[in-house]
Amino acid sequence: MSHVQGDAKKLLARVRRIGGQLGSVERAIAEGAECGAVLQQLAAVRGAVNGLIFQMMEGHLTAHVGGQDSGMPEEELAPVLAVLRSYMK
Amino acid sequence: MSHVQGDAKKLLARVRRIGGQLGSVERAIAEGAECGAVLQQLAAVRGAVNGLIFQMMEGHLTAHVGGQDSGMPEEELAPVLAVLRSYMK
Amino acid sequence: MSHVQGDAKKLLARVRRIGGQLGSVERAIAEGAECGAVLQQLAAVRGAVNGLIFQMMEGHLTAHVGGQDSGMPEEELAPVLAVLRSYMK
Amino acid sequence: MSHVQGDAKKLLARVRRIGGQLGSVERAIAEGAECGAVLQQLAAVRGAVNGLIFQMMEGHLTAHVGGQDSGMPEEELAPVLAVLRSYMK
């Protein structure tokens, strides 16, 4: 089973939460909300998408890379994940 | 009328397109798609969210800043927008 | 006096600190350091550059936009700076 | 020999180029250049740092992951590198 299938429930919950946030952005624009409020909501959507991408990248690398049969020992994966995290905050 | 209201139709179309992209991510995860394919779709969602945030920021700054009564002449807004664009590609 | 001239001392101190960080990256690579250690140092350089760009953008917008003669009241500048900060962490 | 040692010459050349760019930022600020010009130079430094980080990440993952003894076949590394590239433009 791929890590996507293994984590499907958690991943789907995150995607649906982002869908909900996006729905609020849509309502805010339709109701003529102030630009500042819409910008704040969009920044939150961006943060949530970044978080989901990090979870997927971490799962992908850990599943294929961190495993015993992989060429990359655990401690060499750590700095890769640390740099990813700094980009995906 | 605020620039959000003025651009509402275009902004709403973009938000709904992102909603559609997110729907495909949801289906891909639910159907057990390969992680690589889901990552690619999420990277596209991220790019679309960044593009929408840039459009909102540009509208906000141009509406309030580029106007005759503003303290910032047009050519001083250009480098700000150029830096924003480099972050929001 | 432009805000760059006004903040020159602080800005130059930050630029020189980044230069120092870059010098350590150069030594680490020349001495054959582990990739993980070099990556960590580069991520710190990136964070410092982002912080400097945010300081410049904030100074530029506040000097030209937040001022009394500007078309953008203070509270409309706040969400712009909040979004910038989220990108420049 | 680690990939950092193998690529040391190219990596050092990139680090020194960034150092040169940083030197120009320092001179521009010291000479009271316009904020817009300094911002543009800083955005170029940021792009160069991002490019160097991507080269390091690609080298690290390819050296440890793409190799025959690794748990991650080549085609599963490609989407990881594509997402990294989108963040490190």
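Letters are used for the chains, namely A, B, C and D, taken in the order the chains are written, and counting of residues starts over at 1 for each.
Note that contacts are C-beta pairs under 8 Å (C-beta built on N, C-alpha and C of every residue); 3 or more make two chains touch, one makes a residue touch a chain.
Here the structure is a predicted model, which means the values were calculated and not measured.
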| item | value |
| --- | --- |
| Selected pair, greater C-beta contact count between B-C and C-D | C-D |
| Distance from chain C to chain B - Cα centre to Cα centre, in angstrom | 23 |
| Inter-centroid spacing, chain D versus chain C (mean Cα positions, whole Å) | 18 |
| Two or more partner chains touched - positions in chain C | 35-36, 39, 42-43, 46, 53, 57, 60, 76, 79-80, 83 |
| Category of the chain touch graph - line, ring, star, complete, other | complete |
| Contact set on chain D toward chain B in their complex | 35-37, 39-40, 42-43, 46-47, 75-76, 78-80, 82-83, 86, 89 |
| Chain D contact footprint on chain C (complex, rising order) | 2-5, 8, 11-12, 15-16, 18-19, 22-23, 25-26, 29-30, 32-36, 38-39, 42-43, 45-46, 49-50, 52-53, 56-57, 59-60 |
| Touch list for chain A against partner chain D, complex | 53, 57, 60-61, 64-65, 67, 69-72, 76, 79-80, 83-84, 87-88 |
